[in-house]
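After this come two complexes, each holding chain A, first together with chain B and then together with chain C.
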Partner chain A sequence: MNWIYEFPFQLTIDTSAIDKGVRSFALTFDAVLRVIRQGLTNILLTISDILTFIPWWVLVLFVIVLYFKQSKKIGMSLVYGGLLALIGFTGLWTLMISTLSIVITAVILSVALGFPFGLLLSLSERANRIMRPVLDTMQTMPVFVYLIPALLLFGLGRVPAVMATVIYAIVPIIRLTNLGIRQVNPEIVEASRSFGATTIQTLIKVQIPQAFTTIMAGLNQTLMMAMAMVVTASMIGAPGLGMEVLISVNRIEVGRGLVSGTAIVIVAIILDRLSQGWVKPHSEEESL
Partner chain B sequence: MKPILYVEGVNKIFGSHKEEALKLSKKGVSKNEILEKTGATCALLDVSLEVNPGETFVIIGLSGSGKSTLVRMFNRLNDPTHGKIFFKNQDLAQLNKEQLRNFRREKIAMVFQHFGLMSHRTVLRNVEYGLEIRGVGPELKKEKAMEMINLVGLTGFENSRIDQLSGGMKQRVGLARALANDPEVLLMDEPFSALDPLVKKDMQFELLKIQQKMKKTIVFITHDINEAFKLGDRVAIMKDGKVIQVDTPENMMANPADEYVTRFIEGADKTAIMSVKHVMITPTTIVFKDDGFNKVIREMRTNNVSSAYVVDDEMKFLGVVGLDSAMRLKDKAATLMDLVEEVETISPNQSVSEILPLASQTRVPLAVVEDGRLIGIVSKASVLTLIANDVVVDHSDEELDSTLA
Partner chain C sequence: MKKLFLLLVLLFFVLAGCAPSSRRTTFTFANAQWDSIMFHNAVMGTIIEEVFGYGWEELPGSTPITYEALMSGEIDIYSEIWTDNLPSYNEDVANGRFELLGLNFDDNAQGLYVPRYVIEGDATRGIEPMAPNLRSVSDLPQYWELFEDQEDPNKGRIYGAIPGWAVDEILRNKMDHLGLNATFNYFSPGSDAALSAALSSAYERGEAVVGYYWEPTWLMGLYDFVLLEDEPFNENGFMNGIGEFKSSDVTVGVRNGFSAEFPEVAEFLSKYSTSSTLTSAALSYIQETGASSVEAAKWFILENKELVATWLSAEQFETLINALES
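== the complex of A and B ==
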């Protein structure tokens, strides 16, 4: 009667076979992976160069003006500008630029892949059913798990960090694009079809503009998740504020950890507030 | 006249076991029982009808009667399960994707119950939509759209946003958008149902006005019998997916096909549909202008009336002479014509509701005159009888609603 409290048999999963599989994949597709790596590195460097080229006070002013344009609150605009400048005054500006370039690259990639993918899911009921558990898995899998294959395929540094970040952060933009398109008033879609519009015409002229607000909410979430992932990604050698936090953890330096942690929070808040501006309904913006 | 739209034996069944459901329905099993037994919903059953070019064809029925499903088949937003629909000689089911798009772009346009307007576009850009889909150049597109905006009375609002407009204005945009493509057929799916009663009346009037100018074929869906009879040249009444009767409003009032139609019609404001010619009677006392006073007085006394209608030799109506004045003045006046009072006349094609105020004030029955000739009279009593019937109706209308709820 052992089986009442114990499992009658054990399955042995050969995890080393999976490891081997991934390794041999890395070897076989070395050429392809190298191209991806090179391409991503180029994007990263370009963005990083641009961000480094911009003088710090221009970026601070940019944040102030942009937030003021959205909210018309001069006080809060100055606060956000001040907080951003504070990062520079504590000597973390260069690290922040590194972090920001990884985040921006990851977000650009996420949107470039996730937006069309979300559209596809909105058009096909079957694809949607199949992809739902996959998306759930992508979102709930502990983020560290993504680091290992990223490390194996792309080595150490920013490129695997971007890859791991994209896998984690792409989900909201896919989901909310899909949801946004599906939530468009069916009568409007019907109206468009009744005028003889093709599927593509309806999508571009009606569904995407009508779903714009929801899609922008997805972009905002993708941005936030990319920001959160950046700290974790420092474990595979992504430079930036996350690395600073990681070093403090390893050396048990509370103060240093707190300062760099706060810097991450500041960047996250500023990115969130600025991207909230896009979420505002389309029509409201037009009336301004 | 060759019909522009021709529906032949159309069924529409949603869900599984379609054939089984159809068999059951042919045996006369009710819609609900079929749903229970087979899980299939019969939206339309053996519908056949014709729409003639230039007419306003109204389809009326309660919700769930299949009228919206039917109208969506004319532009193939829905396809029939069985049966055929023709536009002129073209079987719509035979159109391939591209032909269908062109058919929708050029021949047919639709107005929706909840407007179906795009909130991210201005009024002008909404009206331009159909033209834009067809690939019309920017200048012509704008010109045509502006023309339609003016036609529906929205001049000056072309740059407004949709959410700044009232319901009635929104539907004007919907109408302008549909008309901009210059379609041969205009489908209107309960276009005024979402509007409040006063605005609804305005819009009905507006549509009649526009229709006079444009002379489109209109297929109009409604659940309001008054709207149906006001707008429709012919009306099809539907119940549980079947067409019960197709006829002109007058004929439908006169000869309802069954109990259901009778009860439906009873809800209608009869004074709006019935015209004067339906209620007028032959005048009893007609006198000629050269008749002598004594003859006139005798005539009135015999017929037991207090006034007589005076005509000339060609039956041209001249006026009314009262018994009182004839008695009092017969010695003073030279001819009968000196005593004739001019009265307001009505025409046989006016609706009873139009003459209601006149009928309620008049002392003598109203004279119905066509081409100057007296052809009948309408008494207060005959108008009242018509209205009295309506009162009975309101009561049974409630019954109808409760049995169908």
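== the complex of A and C ==
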């Protein structure tokens, strides 16, 4: 009728078929899903055990020493150590360890999967073209859309939280690995080829070291994005600081929310500074 | 670049000045994201629209946020206030932070549920009874292995309430009171969607699961769950987790000043009263037919004319039925 303001026809998408599909997939591949879940749980528990085993003052000292070695600034090192200790003094240490174990597991998985994938994309123009929209989707699709299916497949708790975090945080490491390798001066690559290096040798001995700074910047971003998922992950039952924020928001306890929110900020800042430090010394060497 | 920016800014102000000036009064309902509140919003909204001629819309948000918005006046009508789930409810009513109009229903249930096949088995699905003697919450420790927590195999897992609800604290105290902490982890599901996904996926796999839930909900209508018994309700010890949940009063509230401005609507809302059974029937109708909540509301009004007639004057009732049947 009025096709100027209304669409001439409507498509009805049978969304309930998708619902049924996901549910029956969960039933059929139950055994496989269980193995994946168990494997991930083991990694998570090991990392969590290690972090719990480290006494708090060792971790604080570790941050101070590591930052001092990178920056040679004793003042800031002490400030970061003090901030970390502050989390413990406000009684949020165990929650922070929970959060940290999820973030670290997610980052390890992201790097383990994302780095080789990024290399692959840097070698093939076609793969790069195909994967671009996929990567865009992974970063922009609202998390809840795939969070709930992840629940049906993997149940509630830390495992689906890690999965959701990986989907979101893996993108920068893939992108920047790809970019870093592509940005390596073609003349250097040509030179190494002319000395008889194979593709793999060129990649490992020339391209990756040359692209190291960019790749590390990708790692830093991956880490930050994993931290950004902490609160969202707690909505599917991941314990830790995010859950504390969620509880205080749900109860409109502004003060409690602010305290736990600040703890997340502190962890994020420390992780950011430490991981940026891996980049800088290298780039200084290069500029010499 | 600069020109484009200026143009955009200009466009923004022009558009901002163009807001439609004459719009009819529209009431804002709280949509706290669970199914029954959306249904009751639709019933109230349909009647308000057809009988009183006002518009209605829903503002989505979490329970505490919408509740806070009711008290700040951003939300006009809250059709389902679960009084026991709001820690500050009694205080807020006493201080007159919103107007309490009436009781929507009070025959609901909440507590720890297990699927019926866990106790009785299910011959059609080939499930043997797993815990034939499980009757009450205090029987849980002897069956903890059934409910194994995959992230901590030495304990069972009880899916708890949504963090921040008052019942969450009560359940945590109940864990202490009944000594369930020795054999079970209290697992915070984080959100309503996560909790119902956990329960429904366990049900469809035929696994044993125990968790907090409440009625009326589509989940309880669709799947066969059994509420575990507990000691009788205990007024003094309730907050400390002693005794079962009594049914919670679910009330209708409006923002301050509402009944002075719209006395007729307020009178209708104060008479509005349904029951858990009626609500469940409507939610099952939605689940089965895929109807929208507004369609379900129309179906509900025509199915329950006698009840609806008690909310309205004879004249108003006639207007409503004529409008819906035409």
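What we mean here is this: the second predicted complex is superposed on the first by the 281 of 288 C-alpha atoms of A that agree within 3 Å, B and C clash if a C-alpha of one lies under 4 Å from a C-alpha of the other, contacts with A are read in each partner's own complex, and residues count from 1 in each chain.
Just so it is clear, a residue touches a chain if its C-beta (ideal position, glycine included) is under 8 Å from a C-beta of that chain, and two chains touch if they have at least 3 such contacts.
All values derive from a computational prediction rather than experimental measurement.
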Next item on the list: Could you look at A:194 and tell me whether it touches chain B, chain C, both or neither (first, second, both, neither)?
Entry: first
Check: Touching A:27 in the superposition: chain B (first), chain C (second), both, neither?
Finding: second
Next item on the list: Go through the superposed model and pick first if A:247 touches only chain B, second if only chain C, both, or neither.
Entry: second
Item checked: Partner with the higher number of touched chain A residues, chain C or chain B -> C
Checklist line | First, second, both or neither for A:275, with chain B first and chain C second | finding: neither
Notebook entry, point to check: Thinking of the overlay built on chain A, is A:234 touched by chain B (first), by chain C (second), by both, or by neither?
Noted result: second
Note to self: Taking the superposition on A as described, I'd like to know which of chain B and chain C A:98 touches: first, second, both or neither.
What the structure shows: neither
Next item on the list: In the overlay, answer first, second, both or neither for which of chain B and chain C A:212 touches.
Entry: first
Check: What residues on chain A does chain C touch that chain B touches too?
Finding: none
Note to self: For a test of understanding, state which residues of chain B touch chain A in their complex under the given definition.
What the structure shows: 75, 77, 100-106, 108-110, 112-121, 129-130, 132-134, 161, 163, 181, 187
Next item on the list: Would you mind writing out the residues of chain A in touch with chain B in their complex?
Entry: 185, 187-188, 190-198, 201, 205-206, 209-210, 212, 282-283, 286-287
Next item on the list: Enumerate the contact residues on chain C facing chain A in the complex.
Entry: 62-65, 68, 87, 150-151, 159, 162-165, 187-191, 193-195, 197-198, 201-202, 204-205, 290
Next item on the list: Can you check the complex and tell me which residues of chain A touch chain C?
Entry: 16, 23, 26-27, 30, 37-38, 41, 44-45, 144, 148, 151-152, 155-159, 234-239, 243, 246-252
